[in-house]
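What follows is a pair of complexes built around subunit A, which joins subunit B in one and subunit C in the other.
Entry: the complex of A and B
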């Protein structure tokens, strides 16, 4: 008869022996079932039409139909342009403003901790709450933006309701939301700059402009790259604020890619065409990723 | 005119930016907080002098038409459970990749996949998720949200924990193993206590992401299982927009963020800026 506990010890030993394998397994399973399998399904959906009848799905093979839907989608071109304008403009403003704030506030002796605390708030607040706050503030009749314009004698502006301003308003909200994030990353890097190097350059007679261009910015390059990459990825995925603020309107003037996907999938119920669009989106993102890797590798070799 | 030296001019500019930044960051919250205590008429007239009222808050929290408290319950369950799972699964995977000699293609493949998945707009996957959960009978359940939130949070958890594991000197672990410690005990008693700050940072970030997450919750659950963001969005989306309730709901939804900021600031900053320094 085996002693009590021997069984348990055998189990623990087995756990130890196989630790290497079972420690990675759950994560692999999660990714396989919740990301890889859906992507395979997406490929299947992209060439099909999925309909619901009496609670059951009916799949039919219709690659031609989905493709012609893509060609007939008049919203697609403006959506792609809007998304590119949104990402480039919003991220550029955020990088410049975040860098300026980090450099100027890095030179202060007091107040840094307080500012850092405040800057965390916008990052942690639900984007939906931010969207609904700014929807109130952009209100034509009582919003704070038009109130402020009124004080300097400018007539109220339709921030969210005019085709020329809607995308700009969404960009304003995004800038408010994410400058703090860029600031936090760059501020940490500015605080970590080697003081001796800066001092040496100053002693050698470098002007403030030279110091910034030749010493500070090159030293901040890794942090700048990280902030830029993170922001570009997140900006590309923006959905919540646009959904709340404008719903993509008026017309398609502020519709971004994620919102368009949502509309095709869940408002027009075109699961097949939505999947085709998704496949294109994923392909685009992955080729950008590969291109960026290739670029940085070339850079590193030089 | 007083001539300022370059250094004090920069300092003055710094203080000016500091003040402006504070007004810009905090201003909207104050404006919304003030609006949330106004009657509808006071909101519409845009006045600054008004008799404060708690009507908006009682309406959001207690009225039969509002799902806010049910939303808080759903959000708490989804965020807590998905954070716990993401932490356990992510920490184990990070340790496995860091500690054990996996073939290059395994490590690169795994990390590359998480990176690619992190970059893809989540709405490309909500469609297939919707179909899969419908087939499994999980559509409109909190479990569907928990599972999807785990997959969304896992890349962050793995990367963050890997960078914390890398900071541990290998000698510490080797010493434990030489002294006869089993790999599992070395992990549990020696390594894990050293990465507690990382666990807190990853946990806080995962919780916040899950609490804030909107696009998945909007499409995978309906009214009874709706989370806080979905409920807040409804106040702004309904046919008849309720401005006061909208303001009150936004303020209420922000409270967890403020609490975390007070108690977990060090860990959040560490988590957010990790990687940029290295």
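Entry: the complex of A and C
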């Protein structure tokens, strides 16, 4: 007689026990649809050739073809070199400048809030506006950079049109755009430094240089790592600045991976090869992330 | 932290001898904009003396200590260490060590490196650093913790590392900024004794800031009671306790607090006495101007429960502390605290009368709070 009731009670108990798993379901679904599925699709595309015929897409399994195309892509080597140069140089300058500004402004007694607000402005400007703005400033005939060079007696320079300067020009714009980001992260960390620890070091006999090297920098290391990782990942994916300023040119002298990807996908319509390239880019960024994580852990253990 | 046999008398951590220095504070002011927080402080700390600055929070004692350390600029006046003016010197040039309330250990360095930090900055030879760290660790019982990081230590252990970081350098002056405030009560009492023992061994000039008057009483050679940026009184703990110069000092020093009765002097000559605001009478120890409004202060040990006492009230609370018993009595002049016989048992509400001990009566001018000395009775 009691069995059906007991059965029902058992069911309710089972529901109660597993509720926390069920409550994850919506998130799991969203994740599967928006993240997992596209990745799987990308991997599938990377080993396929996709053609459009009669208004429908035709997938064929051609891993060998995509692979040999990757090996045969002569534009790829300079693009990878450009990207690495861009990431290393731009991020290095941004880290040093951001840190210097954070320490400088952090040491002020007044005007901190105002300066911090002013510093945010470059982040707020839409990338398209930044591109147009700097294109005008880099202009050979009337750009402000060449005018300034003119004042000190240097002949105008083709900022965006010469193979030796195009990448540097893009780096300059990237530095202007992203130093505030690094500054913001590090400024928060500088403001959060334990004051008494720094004072203890001063009493213990540290000069300014020793204080920075032996106390401040080690204490800022977690924030420095975060800023570095963010910037490196974002720098790897830089697209808008190059697209708007140089279009990757002249030749491939300022072409970065993202732009190259864009060209393969949308100008050459090679969806399969483009997908393979994307997978490679993702792998590169992932290994960078892993390296950074390893670095952070090592610092955390110290 | 008590001195251990095998390290006692070691050359590196013995008495610092001629390196000890006096500290002179001459008419020092500190102002933030128009707000003056330290007003004309005069203080001479002798070689090897242990001076405690004590006062309620916000009285300026920590600011004064930070000015001695060089962490706060001096607005006016002069501070000298070992006879040398240090106003313009950086903290690192003053040859002082400071123990902070938060301990301020270097979180990224282990205990050994925390101890060695100041020595490394001075390019001390590695062998000497190692020897000094080991000796310090021995004195402070840190030998087992040298490889640990601050976050892996308990509060008491961190405190000892902070002490170690100070003594390993053998500075001319030790500054302590409420170093025991973050410890639990039991550890605080133990560390209090150990810091004293350490001072007796190193005999280094020490300036110690605390808001805890018990800490001040137990540790100080001389204590400096501060209030609102000024020094209220300087003196040996018992002198300050027995002869407070102001009502503020009388109230601040001593636990439970001193009893204060607002009174007027009535009558003249042999008939002069104090009439409290509540209408009770207290005998005068000597001559005071008739009609004068005074605050009469009596410590709990100078009140006794006795039949025929001049103050009357009812028992409110009886506190048995084991070695002594305090009785709180509600009177027409508020609640008074009496140190009573240990085994006294009184039910709440019981009527009692209290006899003030005339020799324990402190009189303060009601308006200024300054001490009044009662003159000879026949005047």
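Methods note: the second predicted complex is superposed on the first by the 260 of 302 C-alpha atoms of A that agree within 3 Å, B and C clash if a C-alpha of one lies under 4 Å from a C-alpha of the other, contacts with A are read in each partner's own complex, and residues count from 1 in each chain.
Rule of thumb we're sticking to: a contact is a pair of C-beta atoms (placed from the backbone, for glycine too) under 8 Å apart; a residue touches a chain by one contact, two chains touch by 3 or more.
This is a predicted model, so every value here is computed, not measured.
**Q** Overlay done on subunit A, so just call it for subunit B and subunit C: clash or fit.
**A** Result for subunit B and subunit C: fit.
**Q** If we overlay the two complexes on their shared chain A, which of subunit B and subunit C does A:98 touch? Say first, second, both or neither.
**A** neither
**Q** Between subunit B and subunit C, which one contacts more residues of subunit A in the superposed model?
**A** Counted on subunit A, the partner with more touching residues turns out to be B.
**Q** With the two structures laid over each other on chain A, which partner does A:115 touch: subunit B (first), subunit C (second), both, or neither?
**A** first
**Q** Now for A:204: first (subunit B), second (subunit C), both, or neither, which partner does it touch?
**A** second
**Q** Going by the contact rule set out at the top, does A:248 touch subunit B (first), subunit C (second), both, or neither?
**A** Touch status of A:248: no partner.
**Q** Which of the two partners, first being subunit B and second being subunit C, lies in contact with A:136: first, second, both, or neither?
**A** In the superposition, A:136 touches subunit B alone.
**Q** In the overlaid three-chain picture, find the nearest pair of C-alpha atoms across subunit B and subunit C and give that distance in Å.
**A** Minimum C-alpha separation, subunit B to subunit C, in the superposed model is 10 Å.
**Q** Provide the residue numbers of subunit A that touch subunit B in the complex, in ascending order.
**A** Against subunit B, the touching part of subunit A is residues 12, 15-16, 19-20, 23-24, 26-28, 30-31, 34-39, 41-42, 45, 50, 57, 100-101, 104-105, 107-108, 111, 115-137, 139, 141-142, 144, 147, 176, 180-181, 184-185, 188-189, 192, 208, 222-223, 226-227, 233, 236-237, 239-240, 243-244, 257-258, 261-262, 265-266, 271, 274-275, 277-278, 281-282, 285-286, 289.
**Q** Under the definition above, what is the set of subunit A residues touching subunit C in their complex?
**A** Touching subunit C: residues 194, 196-197, 199-207, 210, 214-215, 218-219, 221, 302 of subunit A.
**Q** For the complex, which residues does subunit C have touching subunit A?
**A** On the subunit C side, the touching residues are 69-71, 90-92, 96-98, 100-102, 104-108, 117-118, 121-122, 165, 169.
**Q** Help me check something: in the complex, which residues belonging to subunit B touch subunit A?
**A** Answer in residue numbers: 6, 10-11, 13-15, 17-18, 21-22, 24-26, 28-29, 31-32, 35, 43-46, 88-90, 92-93, 95-97, 100, 102, 106, 110, 113-132, 134-135, 147-148, 150-151, 154, 158, 182-184, 187, 208, 211-212, 214-215, 218-219, 228-229, 232-233, 235-237, 243, 246-247, 249-251, 253-254, 257-258, 260-261, 265, 268-269, 272-273, 275-277.
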